[in-house]
Each structure stands twice: as C-alpha cells, then as structure tokens.
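Each of the next two complexes has chain A plus one more chain, namely chain B in the first and chain C in the second.
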Partner chain A sequence: MEQNQSPEPVDPLVGLPVRSVGGQWAPPGTFATGRGPRLFSPGGGTRATVVSTISTIVVLAALAAIFLLAPGARAVEHAFFNPTDMWQSFIGNPKQGYYSVGAAIWLNIRMFLAAEVLILAFALLIALIRHSVGPALFPIRILATGYVDFFRGVPLILVIFALGLGVPALSLPVISSQPDVVYGVAALVLSYSAYVSEVYRAGLNSVHQSQVAAARSLGLSQGTALRYVVLPQAVRNIIPPLLNDFISLQKDTALVGTLGVIEANKAADIYSETVFNFSSFTVAAILFLILTIPLARFTDRLIERDRRRRLAGAAR
Partner chain B sequence: MRRLLAAAGAVVVLGGAVAACGSSGNGNGGSSPAAAPSCSKSGIQSLLHTKGKLTVATDNPVYPPWFIKNTPSSGKGYESAIAYAIAAKLGFSKSQVVWVHEPFSSSYAPGPKAFDFDINEVSVTAARAKAVTFSNSYYPVQQAIVARKGTPIVTNHSPAQLKTYQYGDQVGTTGLAFITGHIQPSKQPKVFDTLAEASAALEAGRIDALVTDTPTAQYMAAFQLKHPPTVLVAQFPTVGEHYGLVFAKGNQLVTCVNKAIASLKSDGTLAALQNKYLGIFLKFPTIQP
Partner chain C sequence: MSQQRTPGDLNAGPVGSEAIRIEDLHKSFGPNEVLRGISMSVASHEVICLIGASGSGKSTLLRCVNLLEPIDRGRISLFGHDITDPRVDANLVRRQIGIVFQSFNLFPHMTVLRNVTLAPTKVLKTPAAQAADEAKALLGRFGLIDKVYDYPDRLSGGQQQRVAIVRALAMQPQIMLLDEVTSALDPELVAEVLEVIAELAAGGMTMLIATHEMGFARDIANRICFLEEGTIIEEAPPAELFTNPKDERTRRFLRRIVEAKRL
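For the complex of A and B:
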C-alpha cells in the first residue's frame, strides 16, 4: 500500500506516472492491474458492466445450448447429473453395496493435511542438502539429487503401488502391518517432496548471494544467516508455487484409492459400477472443487499481494 | 412486429415440445414388444451394430472358467460358448461373430454402443436396468468365500464370526454388495479396481477373504492363487442373482436374444455347457451370511 504515499501512481515498468484516458488518476490499488475497463474509461463503468454481463450470458447460454440440445443430452444428463443418484451417492447406503462419497472426502482431507505437513518439512530438508556447499556433504548431496530425479520421474501411482503392495509383502515387524492409508500418504510425501524441494531450491537460489555476504559480514554464522536472512526471503518468494503444488496434492489423494482405501473417488467408483450411473463422480468432482477453489483463490490473493509489494518497491 | 415475434417464438417452443414428445415416444416404443421385429437373420439386420455381423463385447483380460486363455473367439469357456450358441440360434456362422474389448466401467456409459451385446459376468439388478437393457439369465449366481488355507475364517464362519473379518473385493461387483449388504462386517472392506489386485491383497495377507461368484472363486482357489495356497471356504445361498447380457438401453435385439436363450435352455444346451465348464466348480457346502 506504499503507493498511497506517492503523489501520483507510477507505472513500474515505464517509471512514469500513469494517467487515465479520462484525465483522472486511476484509484489506488487498481492501477496497472491490467484488469477492468475503469483504467481507461472512469466514466464508462456502467456501460462496461452491461457489456461484460451480456457477453457472459451469451457465452454461458451457448455452452448450455450445446449441452442441452445435443442429441444425447437426456442420456448424459441422466448418467452424470441425475439429482437422485447424486444424493444417494452423497449419503451412501452400504446395504445396497455403496459408501457415502460425502463421508469419504473426509479421508481425502485428512490424508492431504498429514501429507502437506510432512512434505513441507521433508522437502525443505532435501532442498537444504542440495543447496549446501560443504565438500564433506558431497555424498549426501548425490543421494538427495538421486532422490529428486527418481521420484520426480516415476509416476505417483507406481510409487503408491510399490509401497502399498511391496512393503506389506516384506513381512517386517511394524513397518509391514500399517494401514493402507499410511502407505498411500508415505507415497504422496515421497513423490511430492521431490517436486516441492525443487520449489524450495528455486526460492533459495532467488535470494541474492550479497544477502548472505552481508549477513556473514555482520558476524552471523552460516546457519544463522540461512535461518534468519535467506530462508524468510526464499519462502516468501515461493508461497504461490507451493500452494499450487498443494492444490494438486489435494486431488492426488484420490490415487490412494488404488490400495483399496475408500476415499471419495473410490466411493464414487463403487456407486457408479454398482448402479450403472456416473452421477457419483459429479458429486466427487464438486466436493474436490469445494476443497481446491478456496485454496486457489487464497493463492491468487497471495500472488496479488506479493506483486503489489514488489511494485510498491519499484515505484519508490 | 413484436407480437409476431412472440407468436413465432411460441411456435418454436411448441415445435420443440412436440419434437421432444415424439422422440421420447419413439424411445418408449423401442422397448414395447408390439414393435419387435421378426427374429430371422434378415429381420434383425437393421438392429445390428455392423450389418451381417454379431458384435460381442467383453473385458480384457478375461478369466477361466468364463473364457479360456484370454481368447474370447476360441469358443471355449462358458461365456464364449454361450455367445456362439446364441449367435448360431440367430443364424450367424462362427466367422460372423466379431469380438470387441469393452471395459466394464464403460459398458454402461450413455451414448451409442460399440457392440450388440456385452457378456462379462454382469449381474442383473433393478438399479442397473435403468441404464442398460439386460437379457434374461444365462447363469444363476451364488457367491462364495476365498481365503488363505489355515486362516481362522476357513474353520470359523458362523454368521457372527463372519462379521469380524477384513474383506476385500473388486469395485462394483455383486460380491462386494454381498459383503456390505448381507455379511455386514464391522471393518470397512477394501475395494480394488480389479479382481487381480484384490487377489494380490489376499495373497499378501492384507485381507482375510474375498467374495466372488462360485465358479470364479473355485478357479482362483484351485489354479490361480497358490502362493500361499488358498481355498474356497463355502458358498452362500442364492439371493436370486443371475448374469445377463448387457444391451444398449432399449435395443430391440434383446427380444430375439431372449428367444435364443430360452431355446438353449429348453434344448439342454445351457445345462450341458454349465456342466462342461462350471460343473467341477459347483460342489461346495452352503453357509449362511
């Protein structure tokens, strides 16, 4: 919000004041967003709203027409959007052979939360190892690099299978007798940590070397400089891509269903194959959207806030 | 002018409504027996997916005793033999039967089908009959338990004891529905995408037992799952379940196929094929769920 202190809004790229077509300054906070017609026609807001409303209606109507007027529209509507089937699959009825999709999504949420915490910690560890410079750490760096290469390259579903079927088959004490969900979450953590560690590493690399030099010259140790100077800046830079990965993680919890665990997607599958109707998948899709959209909007807000901060810096 | 437009609009709406009624009328007419054509080979040509051919679908892979060596076109295995017997009754030679692969989960998707009928051990239920048209029964099914030899369920399977085990099954099967509906175990069953995955879980000891139709269960116990050895524990009494061929909803060909099945039943072919392919699989004690 520093731009408010500046007398005129300044285009960060050109370095000159931004002047709207109508001769008025764009309202603080909205300038140079590239959004909204107000930037160019402060007086034409109403007209712009009308135009955008009409065009939205036309586009939505065209899409609806394609869906409703297609020759097989009735069949598709019955198979995918039948309210009775949607409700039945949402509440479930084990006596009829299917489980509640609505209850099953809770398992996805718990898997996601557990995996997310572990990934944040484990991926940071991997990234710090790969970021380290000490010659004594060379073998660990090689291991960490191999780990990232391997788990980024192997499809997640294969990792889930390998852990979920392979580890119990080893018949080891404790390790081999865990619930399937544990193997599923472990596979998610292994696979996603490889991705997320690279995001962390990009964040660490984005902090200029002079920051470390400055911190060291103040007498901070390598570790303290990392903890108090490098990491805070690195993490702030990578919050949007981190959240992006976590939106993806929320959906990928559905893959744990391949181990026999009844999560939302599996519950929908059971319903579908039991009564020959796909509406249960629509229910699962809606539930996943309800989960992911808030996180997506939150990510957008963080990106926008971060962008404003940087622009404010450039404007000064 | 405006009134004229409104009138024109009303005509369009009315026309749409009439067209809609017309099309739904045709749909209903499709399943009424009065409109059924003659079941001669020439009479059913217009109903076929490909003229002159009988296109039969099944999953891939398929297992004994329903199909042998994953080759539906061999004529060996109960379902393969049934398909060719029906084809013969309808007047098709063996070379006029075309096999296509259709995964179970897409066999009931809306829209045009890539087959005349699907034969894939699909149990007939009222809910499923809303999405597809089923033929009459070509096999009455009973469910049976498969478990590892020497595990508790092999000897302890009173109705109360049955509730205490960890079950697993393939998604969407009537075996799974039997577990949740009739056994009603205290632990949630594990549900796998394929029977092969459920079998792997049984072998690995991740589940105590799985429930599937008796012929499949016996085939698994006798030939498929030997490391460690498994056994068919017992079968459950019939609940009136039977297998039917899957047709696109409203496909009139079902009338002719039902006639063929009825004649296979009355001339003893059905019983003979069951005896030939499923006979050794069917002598097991029956227990209550």
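For the complex of A and C:
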C-alpha cells in the first residue's frame, strides 16, 4: 500500500522506480506496465532505444580500446588497415604485378551462383535416392549414402586439390582440359551437395506420412505425390537451413584460390606478397561481408516470418 | 462417361450387386496381428458401420481396402475384381475408392480449391477450369463456397473434414471409406460432418464407415459389424445388433458404451 502512495511509479518486474530519459518521473500507467513487450517492439519505447544505444556504444568502445591500446596497435594498423594499401589492392595494378581484389570478387560471385544452382539440383537428387524405399534401388541408395559420408568427412580443401590437380593429370579428353575454376566449382558442388542433401532429407522427413497417405489415397502416383504434396512442404521447412549453408558457400569460394584461380582472396594474397602489406586481406574480408550480410539478414527475416506463421497456426 | 455424375448417385451397378468382398484378410504389424481373418461383403449402395474398441482393427481394415497397407493373407475384390493381386495398379483402384481420415490430412500449403482439384487435374487429367467448376459446385453443396480460397489452417475442424470429404468425392469414387471422421472434432462440430455423410448415404453412396458415434451408426447403417481383436464378432442390421446382440462380447462392448453415455 505504501508503495502505491509513493510518487514514483514502480516497475512491477524489477521493483525499482521507473525513470524516463529526461530524469522526469513517468506518468503512471505508461512506464509502470508492460515492460517486456516494449523492449522488443521496434520503434516503441524511447527508453529501450536509449538503453540499447548506450550499451552498444559502451561495448564497441571497449573493443576499440583493447585494439587501440594494445602494445602492437600501431604495427597492426599499418599492416592491416593502411588506407593507401587498401585502396591500391582494391583497384589493382597489373603493371606492379597485382590484381584488383574488387574485380576478383566478381569471380567469387559467379562461382557461388553456378555452384548454388548445381548444388540445389544435385543434392535434391541424392536426398530423393536416400529417401526412396524400393528394394530395387538398394544399390544406388548405398552409393548415395557412401557419397554423403565421404564428402562430409573429407575437408573441402582436399577435395579442391584432388580435383584441381588430379583430374588434369588423368589426361582425359575434354574433362582434363578445363580451366581450374571449373574444378574448383565442381569440388564445391560435390562437397556442399553432401551437406545440402541431408538438409533436404530432413525436410522430406518433416512431412508427415499421413500427407503421403492422403495423396496416394486420391490416386496420385508416388512421383506426383512427391512433386505436389511432399516436396513443396519439405522445401518450405528447410529454407532457413538451406540459406545458412549458402552463406557458408559464399565464403568457401575463396578456397578455390588455392588452385591459382584469381578470386578475391587470391588477389589479396598476391598483393600482400608483392607489397608486403596485409591490408588487401582486410579489403577481401569487407567484400565478403558485403556479400554475406544481406543473405544473413534475409534468412533472419524468413525465420521470423516462419515463427510468426507457426504461432498464428498454434493459436487457432 | 460424358454424363455429369454427382457423388450422391454414383451407379456402381444394380442395387444388390457386390461392391466389396473381403475374404480371410490377415494383417500384422511386426509381431502384432491386427486383422485375424476378416471376411465380409459390401453391396452397392449399402452403408456398413464398423464399431469396436480402439485397436480392434477398424482403421487397418479400411486402409487395407484402399491398398494403403499391403495385406499378409486373404483377398479383397472390388466389383468382382481381385485388387490384392500384385499386378493390379493400386492407383487405378484408389480412384474408385475414396477415403477420409480421422485427422483430415488436408494439404496445408494449398488452398481449399487446390486441395480438391489436385487429384482430378493430375490423375484424371481434367482441364483446370472444369475441375475448378466441379470443385466449387461440390464445395457449394456442402456449405463451403466462401472458403474456396482459404488455406486449411483458417478453417474449423468441421470445415476441414468437410473439405476432406469433398476432396475424396471430387474423384467421383464408387465407394467411400470413412475412418472415424468425427473423432478428432470438437463435439459441437460433429453434427455438420455427420449431416454430410447422411446426405451421401441418402444419395446411394456405398460406404464403409469406422465410427464411435453409435447413435449415428444406428440411424444410417444398413448393417453393423462389431470388431474385436481383428475379427468380426457379430454382424447384423442396427435394430438387431443394438437391441438384441447375440454374442457376449458384443453385449459387453455395448454395455460399456451405454455406461459412457455414448448411446
């Protein structure tokens, strides 16, 4: 009772007086209730915004302080964050013996796009084989399982070396005389398809068997039921984990540089070896971030949308 | 075939002809023998209700007739054709036999309309516009015309189950199998689904219905089959089975039902 007579509104959750930003006591009923929801609602609640802004600045300042006050800060700044070197490596100068990191990232983008399309198709094929039940398919099911076990177990960089160095050495017509970037993309496809096929398989398993029964009971063939009933639901369920794998794929295109392909990381490497400054790697890192962050945010949005949809469904 | 058929008056042959014949049907799931020699016959335009405790084999029997479960022993004939012969195309058989499940099993990623038109367009190759018209006519008949473009999760359980019935009817089946179609519904939604079934029965649809709704079974069925532990214990017209059961096990079951105020 005494608390209620106090001029200061009390936050019901923490039991402390609630103070607004300007130091004024908040009018009763505005701040004293519903503390939780306000923190999560974008645009609502100035106090929450101010608190989060301040805490962000404090954390960033602490990190910057550690970096700037370190004994070797000057050396690191010169080696990794030299603006002149960053700019030079970004635009490149073939006469000086180094390539533009900014232009090279375009190759990463193309490798990523080509690999992504091939992975989506190939991984689905593997998943469908492993998902199949007929005894006649047993041999290829074993093959598919072996494939997934193998390529999930072997480091991607070894697969890239094996294809990039091994296949040309076979001296076969056509397939041994491809540019290195083709072997690199092939290695990405082989390795990532093993992972993505498991994601697909999880999606296929997430569709309840009663959906298949309902489709088959209407006279739909196994293939038609798969195409129109099972796959659409499976793919919907796995879009977030699929995008997660593709964010990872975007970065791993850098490993193809080990074959001598001039992608962003390799271009940065060449710059550092020519000029003896690592700022080119910082440029490559920034470019990769610019590539991956939009996809990461897009994934977040899909996950959030999916969560809301499920909540809406559960409330019904 | 060009003549427009409505699901109510599907003519599967002259009244009294045999629609389904089941002989010595056995089915096990691992060590668990669910059906132990079922033999029965369903005439065209006949409505048979299967009653019995949960686990007595009612659902499994229906799933076997729809070829959703491979059988271990015995024979099922549809209009005189052995459909358990391994050479028979199960998809062709299933076109003749509609089944509706306890849990609706609508396709959640499709609108109500698409749920209903999927099988006619993909299996019967009905042109999309025609399939949509036919689907809307059926949905209208069962009071669902304003739900045509909704997704299943926007519908009540009763509405979903009526859509599931319409979805099966859209394939113009000769026979409908109903597997405890009201068991998952809130009590106030049961009646609207039972009305639909009663309408189908009045239209002459041949039906094999597994149900716990004893009052409904008594009103609608030509014959009642009481199942226990995978065998048919007693088979009789409802007036006889409910008032004067012959077998002690039937009497025991009905006593429990009455005690639970379900009859």
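Note that in this section the second predicted complex is superposed on the first by the 273 of 316 C-alpha atoms of A that agree within 3 Å, B and C clash if a C-alpha of one lies under 4 Å from a C-alpha of the other, contacts with A are read in each partner's own complex, and residues count from 1 in each chain.
Here is the rule we go by: a residue touches a chain if its C-beta (ideal position, glycine included) is under 8 Å from a C-beta of that chain, and two chains touch if they have at least 3 such contacts.
Worth saying up front: this structure is predicted, and the values here are computed from it rather than measured.
**Q** Have a look at where A:D269 lands relative to chain B and chain C in the superposition and call it first, second, both or neither.
**A** In the superposition, A:D269 contacts chain B only.
**Q** On the A-aligned overlay, A:L218 touches which partner chain: chain B = first, chain C = second, or both, or neither?
**A** Touch status of A:L218: second partner only.
**Q** Of chain B and chain C, which one touches more of chain A's residues?
**A** B
**Q** Check whether A:S210 is in contact with chain B, with chain C, with both or with neither, and answer first, second, both or neither.
**A** Second partner only, chain C.
**Q** Mind working out whether A:N277 is in touch with chain B, chain C, both or neither, as first, second, both or neither?
**A** A:N277: touches chain B, not chain C.
**Q** Touch check for A:A79: first (chain B), second (chain C), both, or neither?
**A** It touches chain B, and chain C stays clear.
**Q** Tell me the contact category for A:E198 with respect to chain B and chain C: first, second, both or neither.
**A** neither
**Q** Taking the touch rule as given, give the residues of chain A at its contact with chain B in the complex, in rising order.
**A** Against chain B, the touching part of chain A is residues 72, 75-76, 78-79, 94-99, 165, 168-169, 180, 257-262, 266, 269-270, 272-278.
**Q** Within the complex, which stretch of chain A touches chain C?
**A** 210-211, 213-221, 224, 228-229, 232-233, 236, 313, 316
**Q** Taking the touch rule as given, give the residues of chain C at its contact with chain A in the complex, in rising order.
**A** Listed in rising order, the residues are 63, 66, 68, 90-92, 94-95, 98-99, 101, 103, 105-109, 118-119, 122-123, 153-154, 164, 167-168, 171.
**Q** For a test of understanding, state which residues of chain B touch chain A in their complex under the given definition.
**A** 104-105, 108-111, 125, 127-128, 130-132, 168, 171-174, 176-177, 180-181, 184, 188, 190-193, 197-198, 200-201, 204-207, 249
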